[in-house]
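Each of the next two complexes has chain A plus one other chain: chain B in the first, chain C in the second.
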Partner chain A sequence: MPAQPLATYKLLDRQRGEQVELSLWQPVDDRHARDFEEHWRPVFDEHLAKIEAEGGDIDSAVALRNIQDAHWEWARKAHAIQGRLDWQSFAVEADGVTQGLMFVRTQGFARELSQLGKPLALIELLATAPWNRPTLVPVARFKGIGRLLLAAAISLSVHEEFAGRIGLHALPQAESWYRDVCGMTDLGIDQTRMRYFEMTEAQARAFLE
Partner chain B sequence: MTDKRTMTLNLSASEMDIVEKLADEKGLSKTALVRQALRLYQSISDRLERGEKVFVEDPTTKDKAELMVLS
Partner chain C sequence: MKMLISQDWLQRRIDSDPWVDTDAGAPIAVLTSLGMFIAPELLGDTAERPERASYSFGVFIRQLRRRDSLTIEALAKKARVDADELRQIEHDPHFRARPRLVHQLSSLFKIPERSMMTLAGAMVANDNRIEEAAERFAAMSDDMSKLTRDERKLLNDFVKFLSEEAR
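Entry: the complex of A and B
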């Protein structure tokens, strides 16, 4: 684990009404995975229990609250990719608590026609802490954690000489964000039964600007 | 990845031709291409070591061919 973060940023803590320093770490450390279990999962479990108690269409309720990633096993995944050259992981911290997590595979190939076959970075998992989700709390604490992690993936892509190209499968509730806000190309639903998006070099440049 | 080391790689002319062709096609330097190849090799080797099988599939016929790695 490096002693220094990869980068630091200032973001508005919307609950406290003040700028707070956030740090970006690579790779994900035990403490980040522990934060998921100790701080994130109890919130997810509370919402899942409420959904179950309310009855009705559980899948729709889970999607509505934007907690389809509640079951993701970050610790297991972090352990599984140790020593792997084709995986990179990132965590965002504020006040010593993990605010966002991302796993990226640097072994993908582009599908979008203008960059077909060119290498890209594939974001396999990206999530923000539950208190940063407007679907779960009246005022999300930090806005922009996802954007910050996406920028980190683009930077990784540039570092690997992939010219900023990235790809990802989006959860349904995030599709419009990737398409309309991030400007990624929607390549439709593929064999994973999820919608696949790609960012070209030009789109990456525009996103970072 | 900040801790970098340098090595000399001896390739035949035909191997170097392939490295240059692939690097050109993929828009990578030769170093980045070799790093990508190493990742792919490690990824496949890890899967095979775990007892998994790695296949390539023909998109039209759906025929599958098993990928083998020399051990």
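Entry: the complex of A and C
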């Protein structure tokens, strides 16, 4: 684990109403993986219990449970991919607690026609802490964790000489974010049963402008 | 790695962004079924293994370069990679080649990428066959300015083995 973060940024903590320093770490450390269990999971559990108690809709509960399970599995997987050259991991931290995590594979190849076969960085997980999700809490704490992590993935792609090319599978509720706000190309649903998006070199330049 | 965004950029963008979920990533079970992971128990824990593999990879690249009568600079230009990184591959067993560099070399020398990635230590194989064959190859390879007939045969046999392993 490096002693210094890769970068620091100040973001508004909307719960406290003040600017707070966030640090971006690369790679992910055991403490970030532990935060899944110790800090993220209880919030999901609480939310699920609430849905159940209120007789809320099953689809939302299942979707939430799937996200929670995915996080838990990634926390276990984080250790296995530490030190691998073909994986990079990032964590955003504030007040000593993980606010977002990202795992990127640097061995992907583009599918979009204009860049078909060219190497790209594949985001295999981009996750924000439950208290930063506007769909889970009334006043989410930090806005912009997803944007910051996406910018890190593009920076990694440039560093790897992939010219900013990235790819990812968006969760259904995040599809419009990647397509309409980030300007990525929607390549439809693939064998993962999720919608796959790619960012070209020109799109990456536009994103960073 | 350097972050390509400033505090000002981030703040401006966040101010105009809609507040929506941004999560991405297919479930691990799906990624595993598509071969994205090797089970941790197969990774092994011998610290010297990557170092030996890197040494063998360095010898292999040097022999391919000599076979094609290329200087390091000429190979770097042809493969569109950094000459210093090539030097490190050939001379420093602790150096880990980046996936992009391995990809470029694999395209240039027409060696299956999967085998090259394994050899370079950028990917873990299900068994040690490639590493073992690479070590035998490296041990038998001499470092003369031009490849001898035997060295050329040894190199060709190893290239053939890597191609067959990738099938």
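The rule is simple: the second predicted complex is superposed on the first by the 188 of 209 C-alpha atoms of A that agree within 3 Å, B and C clash if a C-alpha of one lies under 4 Å from a C-alpha of the other, contacts with A are read in each partner's own complex, and residues count from 1 in each chain.
What we mean here is this: a contact is a pair of C-beta atoms (placed from the backbone, for glycine too) under 8 Å apart; a residue touches a chain by one contact, two chains touch by 3 or more.
In this text, all values refer to a predicted model and were calculated from it rather than measured experimentally.
Enquirer: Which term applies to chain B and chain C once both are placed on chain A by superposition, clash or fit?
Expert: clash
Enquirer: Could you look at A:Trp74 and tell me whether it touches chain B, chain C, both or neither (first, second, both, neither)?
Expert: Touch status of A:Trp74: second partner only.
Enquirer: Thinking of the overlay built on chain A, is A:His169 touched by chain B (first), by chain C (second), by both, or by neither?
Expert: In the superposition, A:His169 touches chain C alone.
Enquirer: Taking the superposition as given, does A:Leu156 touch the first partner, chain B, the second, chain C, both, or neither?
Expert: second
Enquirer: Of the two partner chains, chain B (first) and chain C (second), which one does A:Asp186 touch, if any: first, second, both, or neither?
Expert: Neither partner.
Enquirer: Could you say whether A:Asp13 touches chain B, chain C, both of them, or neither, answering first, second, both or neither?
Expert: Neither chain B nor chain C is touched by A:Asp13.
Enquirer: Check the residue A:Leu85 against both partner chains and state whether it touches chain B (first), chain C (second), both, or neither.
Expert: A:Leu85 sits against chain B and chain C alike.
Enquirer: Is A:Pro119 in contact with chain B, with chain C, with both, or with neither (first, second, both, neither)?
Expert: After superposing on A, A:Pro119 lies in contact with both chain B and chain C.
Enquirer: Under the stated touch criterion, which partner chain does A:Asp29 make contact with: chain B (first), chain C (second), both, or neither?
Expert: neither
Enquirer: In this superposed model, does chain C or chain B come into contact with more residues of chain A?
Expert: Answer, by number of touched residues of chain A: C.
Enquirer: In the overlay, one of 5-13, 23-31, 59-67 or 149-157 from chain C clashes with chain B and the rest don't. Which one?
Expert: The superposed arrangement places chain C into chain B at 59-67.
Enquirer: Kindly list the residues of chain A that each of chain B and chain C touches, one partner per complex.
Expert: Touching chain B in the first complex and chain C in the second, residues 84-86, 106-107, 119, 160-161 of chain A appear in both lists.
Enquirer: How about chain A: which of its residues touch chain C in the complex?
Expert: 6-7, 9-11, 24, 26, 66-67, 69-70, 73-74, 77, 79-81, 84-86, 103, 105-107, 119, 123-128, 133-135, 140, 143-152, 154-156, 158-162, 168-171, 173-174, 176-178, 181, 191-194, 208
Enquirer: Along chain A, where are the residues that touch chain B in the complex?
Expert: 84-86, 106-107, 117-119, 160-161, 163
Enquirer: Can you name the residues of chain C that touch chain A in the complex?
Expert: The touching residues are 1-5, 7, 9-10, 13-14, 17-31, 34, 36-37, 40, 43, 96-100, 103, 117, 120-124.
Enquirer: Under the definition above, what is the set of chain B residues touching chain A in their complex?
Expert: 25-29, 32, 35-36, 38-40, 42-43, 46
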